[in-house]
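Next, two complexes with chain A in common: one pairs it with chain B, the other with chain C.
Moving on, here comes the complex of A and B:
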């Protein structure tokens, strides 16, 4: 069976086609969408068209960054699901419209192909309240639907599964594993996961909170947005400053990323590297405290060169100074790419899809 | 050396006359209701030899309060004062250490006051009154930010565009330094470790503000507060850390200006915002016992409060590396055992084990509430900001005198 995975980003639509459980995709590509007003259905149709050259598509899967509290697992797209997503647009105004358009376009273009929605937040929908809550009037939090989430759940879940699997091969753990999951993406994220349950995550009501990203600020004094607004900067401009002109690139004074700051020996990158590793150290300490201990560390994300350095750092720096070197199950590196994980997630929903088809069968 | 220490509030003035190096208190008290007339008249609650008396005088400003305090001290035969020490909340980027007051320092203080528009101006006005009324007395200003002036650049910075750092001076300052420094010294002394080799996480949990401080070799290397005292822990009425997008969404939702949101996050959030009824975490703990939605809400408040401290404690234990102690101080830190327990329980894997019995039954401070096996000691230490200020003033003036002698 061929599975077509979509990642609707802000500026382009990425897609990959996988055959069954093969690690490498048959094809990958992206449809640039510099003009947001262009019909997304065309982009999707292009991608589907290319994929069909390699045989029938059994399943499509679409990455959805935000699924709120409603979506705790993958969902199979139907009009009801799309309606619920539509209601959540105010909570994720940049990502959700693109995701909805993509799903809708696949459904229109090939109504016979089941479309699975893979939510980044689903893994974190059940975070304990003490970890999700902000210390403001609960009425305001409810009105604005403010609570904390993680935004790399697809990677975290797979990385923790892999770490648990590896540990189980060595010895059957007596209690649920306590794993720190470090996701190295343009907006990096650390989660603390006990068994399959996350108890801590660095991100917040948006991906802006937490570790600094390529261009996003990460943790900030909450008085600073107000300070900037009093300097006659509008809220849109402040948002833009903090999401697109900050982060590791602002510290380096030029565009950079995790791979570069962690592997290239260039003095101009020192400030960004020191800052990132210091924030990561604190996140790891906080996550370990949240679990009351630490059995292993799982790395995932696109920055592979950085991951090699972080693996060293975890063993020699973090575990050494914080745990006196005790890290029973070591560091696991997840090799799979996100689109491959999404294809796996989509295949995991096969029983539900079959059940639906059965249910639907008697209807003429 | 007799040092008169002032801790200035917006409408109050706490004072203590302390003799160093013995650290004896000769007198103390508080002037209240300074400023425009209120329902209750202005008065000084004055304490000498354990006897407290109340004196009513009009006090339109902090200068008048100072004069009243001096008169009371003279009446009690305590006019022999060698120096005045002032607490100043914010020293900005300019004051990395305490400062002997002269015209240049006053000008510097006035420049810095925009960073703490509520706290610094009354203290500055007091500094000026003292200089005018008793010009012969050396005045030393001690800053809450100074202990944190050695925080390394990677911990002090925010990952924001360079112009915000350079033009606006956005950086972490850190606060509660006077208290963190005091309890660090006391804890090291209690454990018999030289302060210069002492590593710890200091938890200043006040009835108002609260912050954690990472201490390496006796010096602050990080503080959970940031550019302002709003960042970090959940406090009585302050929200502590938020997603940076939250203030922006609040501006939009409430349709108010920056000041309105700032007020909300500083005065109506934190424990008060979450509970809806009380800014005191002890009320939440009391209400948490029992069933029903009110108790459930109170439990959630206490849970969130302790959880935030626990996360930051974990972060700072990682920063410090091999900590000798975790220190709890100020009202909540000293007087609320369940919070200490919730923060420290289940941390044995990191060498930190709290003893339930010891934690609940403390007879005198400082107390060690860790188990015998715990590698990291858990200390409850009474803070004393005025004594901390007096120590700083004493050290500073003694060094100055030595330098003058050596030059001579």
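Moving on, here comes the complex of A and C:
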């Protein structure tokens, strides 16, 4: 069965076509932003058309950054699901509209192909309440639906699964494994996972909270945005400053990324490297504390060179200094790409999905 | 978000300039806007508006509905052109020629460049799939270059209420050179009518009143001197009475009230006129009947209200902040209205409908209402982006904390 995976980002639409469980895609492609000035649905239709050159598509899977508390697993797209996603747009205003548009475009051009939605937040829907709440007026939190999520759940879930699988091959653990999952993406994220349940994550109500990103600031004193706005900057400018002009690139004084700051010996990157590793250390410590210990570390994400350095850092620095070297199940590196994981997720849910789709109403 | 909008703006620059060119090439004097209205309607269809509607006045309205009932933003530009003297133009007024980075032609600045930018700003938001909280209304109005703003009045009195839409703010696409303009002085035309049985008394009184009103330094409220021009003096005979009508134009400042100005004029005219003999004096705002291209007829009062939005009000502040965040210039200013007949519908929106308004458009006030009018093509594209940015700040769903390329 061919599976077509879409990652509808704001900057471009990525797609990959996989055959069954083959690790490498048959084709990959992307439509960059300037080409998407006409109807964005055309880009999706073109991708579907390209994929059909390699045979029938059994499933489409679309990455959805936000699914709120409503979506705890993958879902099959139908009109009700899309309506529920539409209601959540204010909670993820940049990404959800694009995802909805992508799903609708697939359903319009090939309505017979089931579309699976793979939610980044689904893995974190069950975070303990102590981890989700903010210490502000509960009424306000409820009204604005403020709570903490993680935004790399697809990677975290697969990485933890892989770590658990490897551990089980060595010995059957007596109790659920306590895994620190470090996702090395442009906005890095650390999650602490006990068994299959996350108990801690660095991100927040938006992805801005947590570790510093390529251009986003990460954790700040909450008074700083107000202070900056008082300097006549206004909320839009402050948001640009914190999301697009901060983070590792701001500390380096130029655009950079995790691969570069962790592998290139350049003194101008020292401040960014030191800050990132310090914040990572704090996050790992907090995650281990939330789990009451640590059995293993799982790495995932696009920054593979950085992952090699982080593995070394975990073993020689973090585990050695803070766990007396006792990291029982070591460090697992997830090799799979996110689109491959999404294809796996879609295939895993296919039996239920295909059973349900027979009864599903068509999307208007 | 802004980088994404800029990329899309760059990609649609030729389209928006081409659309403005098509508008300029289509003559649309006041009350004859039908041709340009059809182009606007087609442009709105391409832009992806949810609802497109032509009202009984001939205004074309496009609505992009938001998720909630408000706040709603009205983007307003007029479709009609001011009268022109083709012999004074070096280029053909309807050539729509593009050269030296400029779109040349009648109304390029005032305000077909602004109208194109507003329609494409909505298209930009739609194509970028940026969700709206309130609704975005783009209205292309008729009969703005004539007194009375009857197109805008019809829009506000009948059309938008019928659509269930109440704007919280308005942005005019009039020429501001990409500045944020927040008001201008006004003008009114007054008819002073002197009647009497004795033609000599009426003639003497009319001459005296015209001399007095035309020469006196008029103190406007706020301590400034008000401009006053006697435009015409005409005589008529009816029902055994001699009648003289003096047509005058007077500049209005923001705090001035039309009724009080009329009282002041009447008091002065009466004092001068009665000293010359037995005459009666009436003073009123000049009115005329206007027939729109739809056949709808209405009476227009020759009052262009002075208006001013508080430069520190939320509309100005949010606009300034948003433009600045997008890296666009956000220079505040006011229209000078250096040529006769110039004005905007801001006074109608502010004074009659309590809708805070600003101007933001690509045109240049100095070249509007004159020969060889033009708009910079880069400015039209910039206004498209700027208007989209303003609209998103005012009625868009906030995107705070989200990045377009990190997640």
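Just so it is clear, the second predicted complex is superposed on the first by the 353 of 364 C-alpha atoms of A that agree within 3 Å, B and C clash if a C-alpha of one lies under 4 Å from a C-alpha of the other, contacts with A are read in each partner's own complex, and residues count from 1 in each chain.
To be clear about the criterion, a residue touches a chain if its C-beta (ideal position, glycine included) is under 8 Å from a C-beta of that chain, and two chains touch if they have at least 3 such contacts.
Everything numeric in this text was worked out from a predicted model, so none of it was measured.
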item	value
Overlay on chain A: chain C relative to chain B, clash or fit	fit
Touched partner set for A:101, first chain B, second chain C, both or neither	second
Dominant contact partner of chain A by residue count, chain C or chain B	B
Partner chain in contact with A:239 - chain B first, chain C second, else both or neither	both
Touched partner set for A:208, first chain B, second chain C, both or neither	both
Chain B versus chain C as contact partner of A:93, first or second or both or neither	second
First, second, both or neither for A:9, with chain B first and chain C second	second
Chain B versus chain C as contact partner of A:253, first or second or both or neither	first
Which of chain B and chain C A:186 touches, first, second, both or neither	second
Partner chain(s) touched by A:322 [first = chain B, second = chain C, both, neither]	first
Touched partner set for A:196, first chain B, second chain C, both or neither	neither
Least Cα gap, in Å, left between chain B and chain C after the two complexes are fitted on chain A	5
Intersection of the chain A residues that touch chain B with those that touch chain C	205-206, 208-209, 235, 239, 242
Partner chain A, residues of chain B touching it in the complex	153-155, 157-162, 164, 168, 170, 172, 226-228, 230-231, 234, 238-253, 257-259, 261-262, 264-265, 268-271, 273-274, 276, 300, 303-305, 307-308, 310-319, 321-322, 346-351
Residues on chain C engaged by chain A in the complex (per definition of touch)	1-4, 7-8, 10-12, 67, 127, 129-131, 133, 317-318, 320-322, 324-326, 393, 397-407
Parts of chain A lying in touch with chain C, wherever the complex brings them together	9-11, 33-34, 36-38, 40, 65, 89-90, 92-95, 97-98, 101, 120, 151, 185-187, 205-209, 213-216, 233-237, 239-240, 242-244
Chain B contact footprint on chain A (complex, rising order)	129-131, 133-138, 140, 143-144, 146, 148, 200, 203-206, 208-209, 212, 217-231, 235, 238-239, 241-242, 245-248, 250-251, 253, 271-272, 274-275, 278, 281-290, 292-294, 318, 321-324, 326
